[in-house]
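One chain, subunit A, appears in both complexes that follow, with subunit B as partner in the first and subunit C in the second.
And now, the complex of A and B:
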């Protein structure tokens, strides 16, 4: 709860700081807020006690996992603000809005990790989404950015509508919004009521939409491609963390028993297979970098969804999810930093050529991020993927084999980008200068990609 | 002290990036000699009594992964091969501009790190991790410094090997879900039905068959060998494919003794087909590097077949041949490189007559060629003899077919030698050996001859460990 308030307050502060028209002031107040939130979360994880004990609300409970996922949200938001700073400061009059919206969106994400009540979940979802609709269109001079914003808004609000519709059915079947009570009501049922099943399916569809899995993925390539790179990074990391954990919490705890599990499991397995193949096969022929990332992130959603059908205990599956999303988030930060620094108006993969000459450090970060996305050891991406797969093997070995085949397909397009980075450019290009802030962020991301999995067991 | 095996390569790989350009050559060689020193020190301490464990701690580290590393005679021999070949590769590159390149030297050390890790991993997942780590440096070396038309071949190589490794990962996860941890003894303790064991063993086999390469998984190999720079080819054929042979001895067969019944025969047949097939193709090649690429495939196919017979003599013969092939392959590719440096071509039709102009080169190259066709008194002889003996015992017909490698090997090797060294003089001048080239050729040839006269140096060293591996598999508890 403390961290939530701190992030919200620093979002407000950065909005007001924008009056000074000094981008650094806005960014530093936001970053200070996030840092404070991170410290508070770590202290709370260590001691188990909140700073403001009296601030409790029954719709939100910051238990250990909510705190861990909030930590991931804060860390990744911090890193993304760090790499996006160069772009934000280009437009000093609007820096405050962007940063403020990003902070509010992070607040919504934290609410989504801590909800215990469908109503709070819906609030969190809206607080998360609405700022992103605006941020996706923040590059007003670019038609594609406006298109991304409109597309995301229309489809996103439609998905929210579906969620509410599904929630109404679930409410009709159980008569409550609270997760625990819904769970108890479902346990008491002798036979599953069809009303509940329709509701669960509708809610699942809205989740699938939010995380961008096939067959509800059509918005994501356009939106990822059109939105400014930092916003793309935010959507790929922070939004996914919140949506996935909320999804896992609702479906593993609430709808995860017995017959109901078997009921939605079948649908999800089909969607996983479609997602993996659609994401990978569409990515093979992309020439635009962020579009490629969009399809790659669709594939990663497919891998992550394996956790939902793996029948692992919630205690473990949320740990695995946390590790996976953290590892994935670090890689996204690294790769988005490359996209921002190269700053090609056409966003072609070929524009990455000669990056090794232009800035060797950035090239190394880019290559390591891609290796991590592809799941090649010794990066965290590999260990995270391995843990997911080995968790899913027991209940669905054949699904893991399909996922491994897809890893094999995906290596082609990651390799294409890696060799573009490693190849010399056709003509001389000017060197890229990184600001100290970006370098600091990239060092953290690099350490995360290479060392996170080695440090993790010590924690 | 064993930690130095990890620390030294990482240290040199990173520190070489800030060494001034002039010093890179010397720095690389010093670094690789330092690693060699550590390996020799490990060998001195090793007293032939089973496995030395590096970290005593076997507890679960991360989701079933343990920090178990260690070595026995087999691992030490592979470590020694790695540690000897890396300085040889660096020295043989001394005259190339490549050797001045920091990135190249750094990648060679990363490669060495991966290889050392593969050979001392006692944990399935670490084995996989290091196995994959070796892929990236070799890919980048070939990508950056290879021939102009390398790109398609290298993409194929990377994707091919990566997909093979994924099959191994699937198999590893498949055993792990039934085992306490990834520690090799825990994995060995799992008992499978013979059907499940076959599928899992096939996962390993796919990874190894692509790396070795065994027919019909070899299509990446000739192009990759030809398009890579010489150093890349040496690393690929000299050490990297030995990882797969080592993997068969250490992992594939001991983990799935139940699968031996169903995979033994098909693999031996495939490997034997590869032996003859590659040798026949090698005879018809125009490009000298391609001749030796196929020759390498032919030789290694024989080693793979011999390992699969799982016969004690054949195994110890294959250890001798692994060492021999590592040395000879590096030597032969260096000979090709020497010719290419001076004439800018590898086309056998354009070469000839160098024996008159460069007698020293002709001599050393000839000894290498003899070693390659396993003439007695070279280490190749004793290795191939023991392996063929094992194969004949296993199945007379297969043994005889595989035995044709001795004849076919002589044909393609001496054809390449004759067309390049004898015949009418084709070049106005052909400089004789540079000292760096001479050192490498001489070291290789002397080592090959010494091991040919006294192969017990290898076999005495590895036989106790081989016996242990063999016994654990054939005891009733293993089966």
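And now, the complex of A and C:
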């Protein structure tokens, strides 16, 4: 709870620090707040005690997993603010609003990891989403950015409407909003009421919308493409973490027993297969970098959804999810840093040519991130994917085989980008200079992507 | 005649369920088929108000206050959402001089 308050308070502080017209003040207050939150979370994980014990509310419980996922949210928000800083130095007018909104969005994400009733989940979801609608359109001069913002807003609020309608039916079937009581009521039922089934399906559809899996994925390439790169990074990492954990918590704990599980499992299996193929096959013919990233993220959503149908215990599946999302988030940070530094107006993959000469360090980070996304050892992306697939293997072997085939297809388009980075440019280009902050962020991301392979054998 | 029987039997929870579903479906179809962005916003409001109606009906049916409380949360959040949505529309209107969503197609391949 205190980490949540710290993040929220530092968001407010950075909003007011913008009056001083100094971007570094805004950014450093936000980063200090996130660092403090990270320390508080680690201390609470180690000792099991919060600094302020009296701050409790029954709708939010920061148990071990909520803390772990909040930690991931804070770390990735910190890294994304770090790589976005270059842009604010060029155009410092709206730094305060941007950073403030990002921090509020991170607050919403943390609420979404810790909710125990639907009130808090709904509020967290909206606190997460509404700032992102604004952030996606933060590049006001660019009509594509505003268009991305409108598309995200319309699909997002449509999904919210569907979620609420589903929730109303679940409320009608069970008479409560608390996760635990809903679960007890469902266990007591002899036969599933149709009202409950409609509700669960609608809630699942809204989650599928939010995480961007097929068949409700159509908004994500446009939004990822049009939004400013740092916002794309935020959407692909932090928002996904929060939405996935909230999804897992609701469906594994609340709707995850017996007949009801079998009921939504069938629908989800079909969606996973569609998601994997749509994501991969569309990614093959992309020429724009961020669009490719969007389709690749759709594919990753497909892999991650395997956890939901794999009948693993919630205790283990949330650990696997945490590991996967962390590995994925680090790779996203690395790739977004490359996109920001290259700064091509058209976002073409060809614009990455000659990066090895322009800045060797950045090129290495880009290649390692792409290898990690493709799941090639010794990157953490490989270990995360391996753990996830082996967990799903026991109950859904044929689905894992489909996922492996898709994993093979995906290597093609990741390699396409790697080849572009490694090949020489047609004409001489100027060198890219990275600020110390960006280099620090990239070193952390590299450590995250490669470090697991050294840590893992020791465990 | 029909009205009289309705009043005698009282309005049951099923009636509210049917009404709310009808409103919600009208909203969904509006979002899918209308081309004016402001009407899209109104249709989303309609969807959410259908939810509000359903929640209040269930809440009264169970004799709890939970559902009605939730409706207040939804109203507040929807007001915030509509504010953001309208300001995004104003931003786009400055560029394109229109709110027709068919014109917002700069992000295609």
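Basically, the second predicted complex is superposed on the first by the 453 of 459 C-alpha atoms of A that agree within 3 Å, B and C clash if a C-alpha of one lies under 4 Å from a C-alpha of the other, contacts with A are read in each partner's own complex, and residues count from 1 in each chain.
One rule holds for everything that comes next: a residue touches a chain if its C-beta (ideal position, glycine included) is under 8 Å from a C-beta of that chain, and two chains touch if they have at least 3 such contacts.
Keep in mind that this is a model prediction, so the values were computed, not measured.
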Mind working out whether A:65 is in touch with subunit B, subunit C, both or neither, as first, second, both or neither?
neither
So, does A:234 touch the first partner subunit B, the second partner subunit C, both, or neither?
neither
A:408 in the overlay: touching subunit B, subunit C, both, or neither? Say first, second, both or neither.
first
Looking at the overlay, does A:151 come into contact with subunit B only (first), subunit C only (second), both, or neither?
second
Which of the two partners, first being subunit B and second being subunit C, lies in contact with A:165: first, second, both, or neither?
second
Applying the touch criterion given at the start, work out whether A:382 contacts subunit B, subunit C, both or neither, answering first, second, both or neither.
first
Partner contacting more residues of subunit A (subunit B vs subunit C)
C
Have a look at where A:397 lands relative to subunit B and subunit C in the superposition and call it first, second, both or neither.
first
In the complex of these two chains, what residues of subunit C are touching subunit A?
17, 20, 24, 27, 31, 37, 40, 44, 47-48, 50-51, 54-55, 58, 61-62, 64, 66-67, 69-70, 73-74, 77, 80-81, 84-85, 88-89, 91-92, 95-96, 101, 104, 106-109
What part of subunit A is in contact with subunit B in the complex they form?
371, 376-378, 382-383, 386-387, 389-390, 393-394, 397, 400-401, 404-405, 407-408, 411-412, 415, 419, 422-423, 453, 456-457
Taking the touch rule as given, give the residues of subunit A at its contact with subunit C in the complex, in rising order.
118-119, 122-123, 126, 130, 133-134, 137, 140, 143-144, 146-151, 153-154, 157-158, 160-162, 164-165, 167-169, 171-172, 175-177, 222, 225-226, 286-288, 291
Which bits of subunit B are touching subunit A when the two form their complex?
61-64, 125, 128-130, 132-133, 135-136, 140, 143-144, 151, 155, 158-159, 162-163, 166-167, 169-170, 173-174, 176-177
